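One structure coming up, written as structure tokens, with questions to follow.
Per-chain numbering from 1; labels A, B, C and D assigned in written order.
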Amino acid sequence: MNFPLLTVTAAVPAVGAILTAAVPAARRTAAKWLALLFSLATLALAVLIAVRFEPGGDRYQLTESRSWIADFGVRYELGVDGIGVVLIGLTALLIPFVIAAGWHDADPLETSSKRWRPTQGFFALILMVEAMVIISFEATDVFLFYIFFEAMLIPMYFLIGGFGDRAHSGSDENAAAQRSYAAVKFLLYNLVGGLIMLAAVIGLYVVAGNFSLQEITAARAAGTLDMATNTERLLFLGFFFAFAVKAPLWPLHTWLPNAMGESTAPVAVLITAVVDKVGTFAMLRFCLGLFPEASKWATPVILVLALISIVYGALVAVGQRDIKRLVAYASISHFGFIILGIFAMTSQGQSGATLYMVNHGLSTAALMLVAGFLISRRGSRLIADYGGVQKVAPVLAGTFLIGGLATLSLPGLAPFVSEFLVLVGTFARYPVVGIIATIGIVLAALYTLVLYQRTMTGPVKEEVRTMPDLRLREVLVVAPLIALLIGLGVYPKVLTDIVNPAVEQTMSDVKQTDPEPEVAVEAKNGEEAK
Amino acid sequence: MSTLTSAHSLWTLAADTPAGRIPAPVIEYAQLAPTLIVVGAAVVGILVEAFVPRRSRYYVQVFLAFAALASAFAAVVGLAAGGYGSTKAHIAAMGAIAVDGPALFLQGTILLASVVAVFTFAERRLDPAAHGNRVDSFAAQAASVPGSDSEKAAVKAGFSTTEVFPLALFAIAGMLIFPAANDLLTLFIALEVFSLPLYLLCAVARRQRLMSQEAAVKYFLLGAFSSAFLLFGIALLYGYAGSMSYAVIADVVDGTITKIDPALAGTMGNDVLLLMGGALILTGLLFKVGAVPFHMWTPDVYQGAPTPVTGFMAAATKVAAFGALLRLLYVVLPGLRWDWRPVMWAVAIVTMLAGAVIAVTQTDVKRLLAYSSVAHAGFILAGVIATSAEGVQSVLFYLAAYSFGTIGAFAVVTLVRDAGGEATHLSKWAGLGRRSPLTAAVFAVFLLAFAGIPLTSGFTGKFAVFSAAAQGGAGVLVVIGVLSSAIAAFFYIRVIVLMFFSEPKADGPTVAVPSPLTMTTIAVGVAVTLVLGLAPQYFLDLAGQASTFVR
Amino acid sequence: MENLIALLIAAPLLGAVVLLCGGRRLDRTGHWIGTLLAAVSFGIGVALFADMLGRSADDRTLTQNLYTWIPVEGFQADMAFQLDQLSMTFVLLISGVGTLIHVYSIGYMEHDERRRRFFGYLNLFVAAMLLLVLADNFLLLYFGWEGVGLASYLLIGFWQHKPSAATAAKKAFLVNRVGDMGLSIAIMLMFTTFGTFAFGPVFGAVGEASEGMLTAIGLMLLLAACGKSAQVPLQSWLGDAMEGPTPVSALIHAATMVTAGVYLIVRSGAVFNAAPDAQLVVVVVGAVTLLFGAIVGCAKDDIKKALAGSTMSQIGYMILAAGLGPIGYVFAIMHLVTHGFFKAGLFLGAGSVMHGMNDEVDMRKYGALRKYMPVTFVTFGLGYLAIIGFPGLSGFFSKDMIIEAAFAKGGTEGWILGGVTLLGAGITAFYMTRVMLLTFFGEKRWQPDAQGHEPHPHESPKSMTIPMVILAFGSVFAGAFFEIGERFLTWLEPVTGYEHGNPPVSAMTVTAATMVMLLAGVGIAWGMYGRRPVPVLAPRGSFLTRAARRDLYQDDFNHVVLVRGGEHLTRSLVYVDHSLVDGVVNGTAASVGGLSGRLRKLQNGYARSYAVSMFGGTAILIAATLLMRAV
Amino acid sequence: MNPVNYLYLAALLFTIGAVGVLIRKNAIVLFMCIELMLNACNLAFVAFSRMHGNLDGQIIAFFTMVVAAAEVVVGLAIIVSLFRTRHSASVDDASLMKL
């Protein structure tokens, strides 16, 4: 076995977390820089993975395999396919921005005791989450994946409950209460999901006798491992439930607005842009890979739920009074699209869904972080407290608008590509579903523009008049994101080339082929030759 | 499910001395060494109480206890290494005591747990020194009336109840025999031997003596009550099989018994004796493991007893009792599998759910942990029901993982104190994480382990028992198990929320800085919790090798 | 040569990037950069045009494939351009008029501190619009389509501090989004039908597709066109869009962007030709809109809104023509171009007037301005004559062609359409005359503005008048230039195809009828506004007038049904989310808590009750074991 | 006579003891009831031993007595100390800890 690149990539942030946590209370800034440094190192490694990865090659590459818990048939098996690569890239990419954006979010209050080291804890936890997310993108052993899928809840839980948004309405006690409510809600939702999945994992163990994704998938394909239809369906539901909570899919979504609303903007980004992606990723890799038949069986229901998420999430977003909750519901709508794309079972849909995971990460990060900067200036999350910001802080307003436009997936920005692919992919197999989903396009424009209009335009509010424009650190956080959004919007090829082969593999797992066009166009073949 | 005989072969070895034939009276002292050492040490401890001057008793007792337990553990390891756990496993002491894998594994676990528990017994730094004497968590003079002059005098004189060490040793000795007992009489005697000292230990708390005494009374009365049931069960079983020996009873139950005299033929036909007897014995054991509906003593006793004792009880008693339960069900009553499995199913389900649900609204840390231990008993029962080698293995592993976690958790509880002694009311724990992050973090680790969060021993154990149960065809049980552990997770999380996310109160408790003794206890607890979470393979192997009963 | 195509777009795009990211240091020079880059684009356009003329009619199409934009299994979108005669026409119109309006804006926006950004947006618009017309597949066209939507959003809402402007911008974008839904669905339909959505392959394979499918595609494209071109029922945004600076109204909401719908339909002619039902709908939409816009135009007192109504109506003509199929395509485009000239001119004129009148827009407060701003008067006047179709001017030719084509459709349809177009011509004459009279003739009805400044009308600076003059030239001669020797027809014919319908009545009769309508319209207008003095405050007016003032209540309908209804829907959904979806979960948690509370009561502290539970437990245990054996 | 009757007697005694535990308040009486149960067991043992004609049962009876004695020692110690603290031997008074 050659250099264990994947392990190292996951280990680096973990080590960083420990070191950061160890920094003495007084040396706060050192801790911040340390965390940033390690996150950048991780990014470098992620890039290395992307470089070492050969799109045409084996399905899983850079694989590692060690014995771990033989009694449970559990092995420490890592490996990445195209989907994993891009998502690891996304994670490693976003964390530095999250850290930079949250630079001052965890500075201790004067009142807190000397031994309490919130700053160190904050950044250590972020790195810990990164490590766990990365390894769950790498794991090709169901048990290994499950372990980190569950374990990452704990640091997330502390991030949400321990470091709330300082801009809150009402008293501190009230805010603290809401915060811990949000944290507990987050943890319980995901824990219940995880435990139900645990039952399914055990079931899988009983049926299959081991946890190796590759072996099981191969056995399923070869027909050497046949599950009773009902068993497969039950197991599928067990897995899917957990992922649907994480994703989140209507009606299991209500933890997200609380979590995102109460936590600081960077943490909110961490939740929706990084951690939740594990859910959709797992649907694609485990649900479809392990239980192809059951996936097809469940598709109609899932599609309906996804549709509800899309429309419902968008409509509820329109009705929000809290900026961050609005973004949260927008995310719910977007996750609806992702799940739609995954279960449309067409290569356009699934490639689109994968791109969507990345693009949604970037766009939400841009929008949410700018919103965070805005909120930190005014000290309020209520939309009604803003107005005319573009007059006093044009750059902030401009970046906010671009983030918003990305959210409503304007062509030329990355999300458009993925959203359109998802729509086309869905439409190709389920025209009606596809058409209903396109309503989401209009609604997205509605909530985004309403938000922009209410906060940024109109006469300048008194409290806003003295608001400073983005500072250098903040510009440095937002600018690269916007650049990426545009870059991937006009040249998504860099991603699709990596993703497409993996998607084809998944398609073959579920034994699905794209529906043929009614009319075979000769010119088309010529085009593909290009 | 496989046929009876093949199922037998899973967990029994052909013993080299077939039961029934009366062997020449011979006691294999070497193989009983662990127990004998502990008993001997206990006796010596009593003599120490009698003859060693009060000043130095404490040190002598601590040393004695530690030495005894350590050497006993060494003996266990020696036996295991000598192959008595697997190949040379057999029945010693004229059929009274089994020396086999499960016995040795459990004895080892009990001894190690006892060592760390005894450390917390010996802790004398937590309470402020009274009249210049360091004091431990035990009453200066248990006999004196709380608040009376005699008590004040005793405190002033710097008395301390060093008898706890020999008492503990006696209890441990009983616990060592309990899971190894191979006939019903030994079972009963062992039960009493470890119960009686525990009753006393509950009564000797330094603070809140009223509650301590109340706990002792309740524990004693209910314990005696349950042992009466057990005894009557034994009587009926004896009446059914005409023998005390597990092996013989098992043969009779299976109907594979060779020589049948008319009387036996008469009773053998009467299954009511058998079933009632079995049920009553189960009652006695379920009482000890704290399964619903025999659990109601746990919260009160756990709360009232001195915290070190609580930790010791919670851990060691469970191990011993489950050991005995396993042996009873796997060696004596496998023939009745189809009768007791459904019943145990019900018990397990009720135990898991009730434990988890009731704990949700608890306001006292010790009671909370008590109910959580009830819930855990339910989880372990799920493993017991599997009736397979995996089942035994998973239960053994779970017990080891759980006991250290529990002792560690209770040790942490002893640290959080205010003027009135330990501050066990949850409201006082608010903001502990802000005041002393380390303590809170350690406690959080234990809680997460109890909640079965991955990367902790709790998760590995839970996975082990549930997967064993599932393989045993108890899928429903598994689903209910995960649901109840979801409920359980809720109250563990509540404590974490309290410690980390709520502002510390002005008059909140302080965290005492313990001596290396308690520190070791906690450290061991954390270490075991994490190691068994991250790299459990070795210990799973150990439990796996130790998962076959001799018969 | 084809490599230049990308540059057409690149130049203004570069401008946009530079101006928007450049920061304050460019405030001084920004507008020059913007104008220059627009001009560069125009220059390249001319060069390509010359080159194209140099080649024979059938190989005039240039294509440039930069790279594969979205390559996914079975789904391929190229970043590829196609420049044929149709695109070329638009390129010249967009970059040409665009450049002029850049120049105009230099003067018009002089006093606005955010002028740099304004020019940035203008450049962005030009780039997006060029992308729209140069794309060689529908997805890329969609890219440009939304790009112009964004630019229009930014420019309508340019004065964001005015809530009305911000609202109008949002409205425009949303309504357009509805149209875009149509376009994206159309693309999906093409993909599922043909497996591609590039122009060439799709149009090539139209023959093999079922008519039903083609009709569906056509209708979806029409929906898109309605959104972009403000056709009924998606017309409501155009009037509000006048909140934007006047140059914007001239460029985007008169000359170029709003005509994108016409381009789309003409471009997809192949599809429509094969889907007569879709064509019929197109024609109907066009006819309705041309009347709708005209009627609305008659009642508005806001000069820009009146012109907006006229724009709607004129585009109605184009859509109608496009709906006629090969008979009409060419004339639709021709009218589009001429309209681009005179309508842009008219708007610039209006802007110039407002410039002189403290940004007053109510025509009832104008009057007698011809003496004060002669150049504006003349250029506006020429534009006026052009639009009403005064013989010899460009409007005359292009509109006449459409009317003829309408009759040529044949059958009752032909008569109805012809009648509608004629009627439209009449109304056009009426409302434009009205605008003319109210603005430049009669006596002064000037009012001091909010700050109490008396207006001092004056002629606008050169930077504004020169573009107006040039456009005036265009509106005078373009038509004739195109018509003589059927230049335009021969030019476009290879792309759009042409067939000469056989009108039931001779061309002369049609022309005569048009003239009659024209005179009638002018006459009535003169009667109402020329002879007697005009009240400063609008009279209540007839029902029709009031209805027309309120856009025939169509907007109110939207408000009541969509906006209010939507608000109720969202509010109730928020409630549902909080009380129902979340409530269920919280309820479960609460019930577990309650159960726990009740169960712990059992733990009442009495040892004996514990004993009872043990005893009972044992009893149950025994009973159960015995039962197990019994069953 | 038939040893089975002794079994019935034993069962009866055992039940009486158990019910006594459930219904009596005084700790001492409670404790006596438990002793009664133990003795019921002894009776059963002896009866069975007679039936099976082996001595095991009788041996156990002795063991039981010893154990009972030990229980008395421990039990009385605890009960007495409780009594001295509370001046009441009622088990129902000892209900500080509940819920």
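The definition used in the following text is that a residue touches a chain if its C-beta (ideal position, glycine included) is under 8 Å from a C-beta of that chain, and two chains touch if they have at least 3 such contacts.
Fair warning: this is a prediction, and the values are worked out from it, not measured in the lab.
Looking at subunit B and subunit D, the chains that touch each of them are C.
Chain pairs A-B and A-C differ in how many C-beta pairs they share in contact, with the greater number at A-C. The greatest centre-to-centre distance from subunit B, using averaged C-alpha positions, is reached by C.
Taking the mean of the C-alpha atoms as each chain's centre, subunit A and subunit B sit 45 Å apart. Mean C-alpha position of subunit A lies 37 Å from that of subunit C. Centroids built from CA atoms put subunit D at 65 Å from subunit A.
Averaged C-alpha coordinates put the centre of subunit B at 80 Å from the centre of subunit C. Annotation for subunit D: residues touching 2 or more other chains are 18, 21, 30, 91, 94-98.
Shared contact sites, meaning residues of subunit B that touch two or more other chains, fall at 217-218, 221, 225, 299-300, 490.
Shown for subunit A are the residues that touch two or more other chains, namely 188.
Remark: the chains found to touch one another pair up as A-B, A-C, B-C, B-D, C-D. Of all residues in subunit C, those touching subunit A in their complex are 20, 65, 67-76, 78-79, 139, 142-143, 145-147, 150, 153, 157, 160-161, 163, 165-167, 170, 173-174, 177-178, 180-181, 184-185, 187-189, 191-196, 198, 200-202, 204-205, 208-210, 213, 566, 569-571, 573-574, 577, 581-582, 585, 589. Residues 7, 10, 14, 17-18, 21, 27, 30-31, 34, 37-38, 40-41, 44-45, 47-48, 51-54, 56-57, 59-60, 63-64, 67, 70-71, 74-75, 77-79, 81-82, 84-86, 91, 94-98 of subunit D touch subunit B in their complex.
Put simply, subunit A touches subunit B in their complex at residues 67-72, 112-113, 115-117, 146-148, 150-151, 153-154, 157-158, 161-162, 173, 176, 179-180, 183-184, 187-188, 191-192, 195-196, 198-199, 202-203, 205-206.
Those residues of subunit D that touch subunit C in the complex are listed here as 18, 21-23, 25, 30, 91-92, 94-99.
Of all residues in subunit A, those touching subunit C in their complex are 188-189, 250-251, 253-254, 312, 315-316, 318-320, 347-348, 351-352, 388, 390-391, 398, 405, 410-412, 416-417, 420-421, 423-424, 427-428, 431, 434-435, 438-439, 441-442, 445-446, 449-450, 453, 456-460, 490-493, 496-497, 500, 503-504, 514-521, 523-524, 527-528, 530.
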